[in-house]
């Protein structure tokens, strides 16, 4: 019996580093007790983290698969499990299982294309994995544009990495914006959907969107007005999940299960789902 | 084909129970219920059990694993054990079919080992339905109450019980019981089947059709204005999902016993308001959306993913138990699938 | 047997709809069979004529639906109240759970109700049920017609009917009845006479069948919290299934405490329980105790009355005295 691999059975992970990103987002570095990565994943996939006694929750894996040492999760404090995760210290063990879901088609549809990443708030977390993957295999992709916005300067996740690493890469352009003026901010001010329109991208790109539902809605509208086809636009979804393997029924929309058929969807695929997300 | 006199049923049960645990429907104050057989327990005459037979493979609650937490360290304890062989006696055609519906969820990759373990150790002895109820509509889903599946199918006449082994596993058990059973020809069984089929023709729901529902029909039904009226009295209690042999949604929760953490699985229901609720929002805001999900899942979503197989077996339990008498038959009749459609 | 006919209710509904008193009607909709009626809101004459139903299976208590239904529009809703329903109606008004101005209540006498669930446990393959006076004819698919006395098929909750008298209505159809000597505490007394161990075993046996579907709570007119503590993930007691045998008892005991003094003894909890747990006995125990400690009190008998346990008076027994009085039947 124990030799049968049980998909609901996690492994133990150790939190080896906790970075405070914003007032409500922390990034946790996780390895197994013997210092290895818990499992391999692809960009866009998720993992189920848990604190025994508190509960399990699904998070997108923020680190790129090209990182061979550890996994990272950028987590916003917004419920039982995340409250607990935010309160813990380095050295704490948690449980981890995965990887779950359909990843971004980084090695197929994306290769050879210019990439346009558009994220709002904590929505950068799932995109960071793809962005760093594309940066790692730089020659497989064309020009990379990253549009990222948040409520305030303090709410920009991974700010240091964005400025020090992404913005200095050749062929990578970073466009940051915040919702309202701040004295110490000399960058762009305004909402993401409007900023995307102002920047006026050419339509020969693959666009990847992640952020609050309203941001996704208006940005997608904007992209379509600019001439993008829905088949060029990808997003990643969030629904309540328990099993991660398409059985518990919770993330069922139409005939799809977000945990297994998603979380990554091409926007034209979303049209086939009932409007219930 | 073998047979035994009904008066010798206690001997039969005793003989089966010697080989493995035996569960069969017995009458209780709260209706028929599958219980472990023991000397003195008699087989219920009820057509079906109040709760379905899914409990044996997908129990209402089960411990998945334990954790011991000490300081910052966690120890994971795999509590899985090889299940012992057991025999389920007296399962009706609808419930046997429900196992196939559940299999397609739990045994799809990646397989659920808790479910698989129990499923592999079970031997199913089904029973043809001599007296179907007015709430029965298994025929709608292509199930023949006169010819259930199972490892062994049994037919009951006025004074005898006939056995027809359908699988190797079934043949083996039947061989082991050869000293108390006797050889029988098919005649009495054929007569019984004919009687059952005649009775099935008298059922009021015999003409309920699945035409119109099925794979890929989401757009046809999702925005139907009738969902509002159909769901308006729904209490959101989830009784239908709990007595349903094919409802398989579950929740995973942790329980602190004071000596450690138990991670357990329990039945959940799409009828509950918290089923899809998360910190970021609630995609199904009212009972209308939750109610619609249950029936769309059974009649459209599940068939889309499972070669057209419906996730309802027509057992009629929801018809019997819904506090406000709303059920899949009323939904199917309202939305389509009418006799005249 | 119901002394007022379907036509009388239907005509009243049509009249009130036509003269603009109400714009919709909360009533029972016909089902597939004679017994599976469903609560429904009818919005026009055609819908009423087609599907409105009133027969001896219309037992469900509608009062709780008034909370959500009256919140929908400013217009008046017609509701038909059986005597027992009218108690819940008043209790909800006492708790300010709906706007009385938005409801036109028509009282309907009740001759006791049958229950499809109970009937189907007595008779197999029911194809039709008709009630004639105090006789019930049950047609079956395979066993011919069976005849029963109405009394013998009476649903469990109606066997101890507390009142045939309406305590709330705008208008009454037919004759009003009287408050009855219901013997409703007989079963509670039987439980009180058990030893604590016997009683524990009794409830253990009953509550162990609970599947935590929460139908009892969801149907209960006294359970009107916007968010139940058992649905709150932050409560630490949220569960769809009991984690241990204590939890399943805890749910029902907490619920019984919560509705104590507010429960009108309508019996919906036991009616809807798919596992036949006699939940109403927990509530009746509270009612009986409240009566004996503080004097007779019937929740919902009048609007605005204060239940003894939420109302201090100088005559209240001291806690020690209550304990004393409680001895022997605690």
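Note that the chains are named A, B and C in the order they appear, and that numbering of residues resets to 1 at the start of each chain.
Just so we're on the same page, a residue touches a chain if its C-beta (ideal position, glycine included) is under 8 Å from a C-beta of that chain, and two chains touch if they have at least 3 such contacts.
These numbers come from a predicted model, not from an experiment.
Trainee: Going by the average position of its CA atoms, which chain sits the greatest distance from subunit B?
Mentor: The most distant chain relative to subunit B turns out to be A.
Trainee: Chain with the smallest distance from its CA centroid to the overall CA centroid?
Mentor: The most central chain here turns out to be B.
Trainee: Between subunit A and subunit C, what is the separation of their C-alpha centroids in Å?
Mentor: For subunit A versus subunit C, the centre distance works out to 51 Å.
Trainee: CA centre of subunit B versus CA centre of subunit C: separation in Å?
Mentor: Distance between chain centres: 31 Å.
Trainee: From the mean C-alpha coordinate of subunit A to that of subunit B, what's the distance rounded to whole Å?
Mentor: Result: the chain centres lie 40 Å from each other.
Trainee: Two or more other chains touching the same residue: where does that happen in subunit B?
Mentor: Residues 251, 253, 268 of subunit B touch two or more partner chains.
Trainee: Find every residue in subunit C that makes contact with two or more other chains and list them.
Mentor: 233
Trainee: Which residues of subunit C touch subunit B once you look at their complex with the stated criterion?
Mentor: 31-33, 36-41, 60, 65, 116-117, 120-121, 124-127, 141-142, 209, 211, 213-215, 217-219, 231, 233, 238-244, 271-272, 274-277
Trainee: Which positions of subunit B touch subunit C when the two form their complex?
Mentor: Subunit B reaches subunit C through residues 29-31, 47, 50-51, 60-61, 131-135, 199, 202-205, 229, 232-233, 235-239, 242-243, 251, 253, 255, 262, 264, 266-269, 272-274, 319-321, 323-327, 329-330, 333.
Trainee: Going by the contact rule set out above, which residues of subunit A touch subunit B in the complex?
Mentor: 1-2, 4-12, 50, 52-56, 78-79, 82, 89, 91-95, 213, 238-240, 242-243, 245-255, 272, 274, 276-277
Trainee: In their complex, what parts of subunit B are in touch with subunit A?
Mentor: 64-65, 67, 69, 72-74, 76, 78, 80-82, 105-106, 108, 110-114, 116-117, 216, 218, 222, 248-254, 256, 261, 263, 265, 268, 270, 275-281, 283-284, 289, 293, 296-297, 300-301, 304-305
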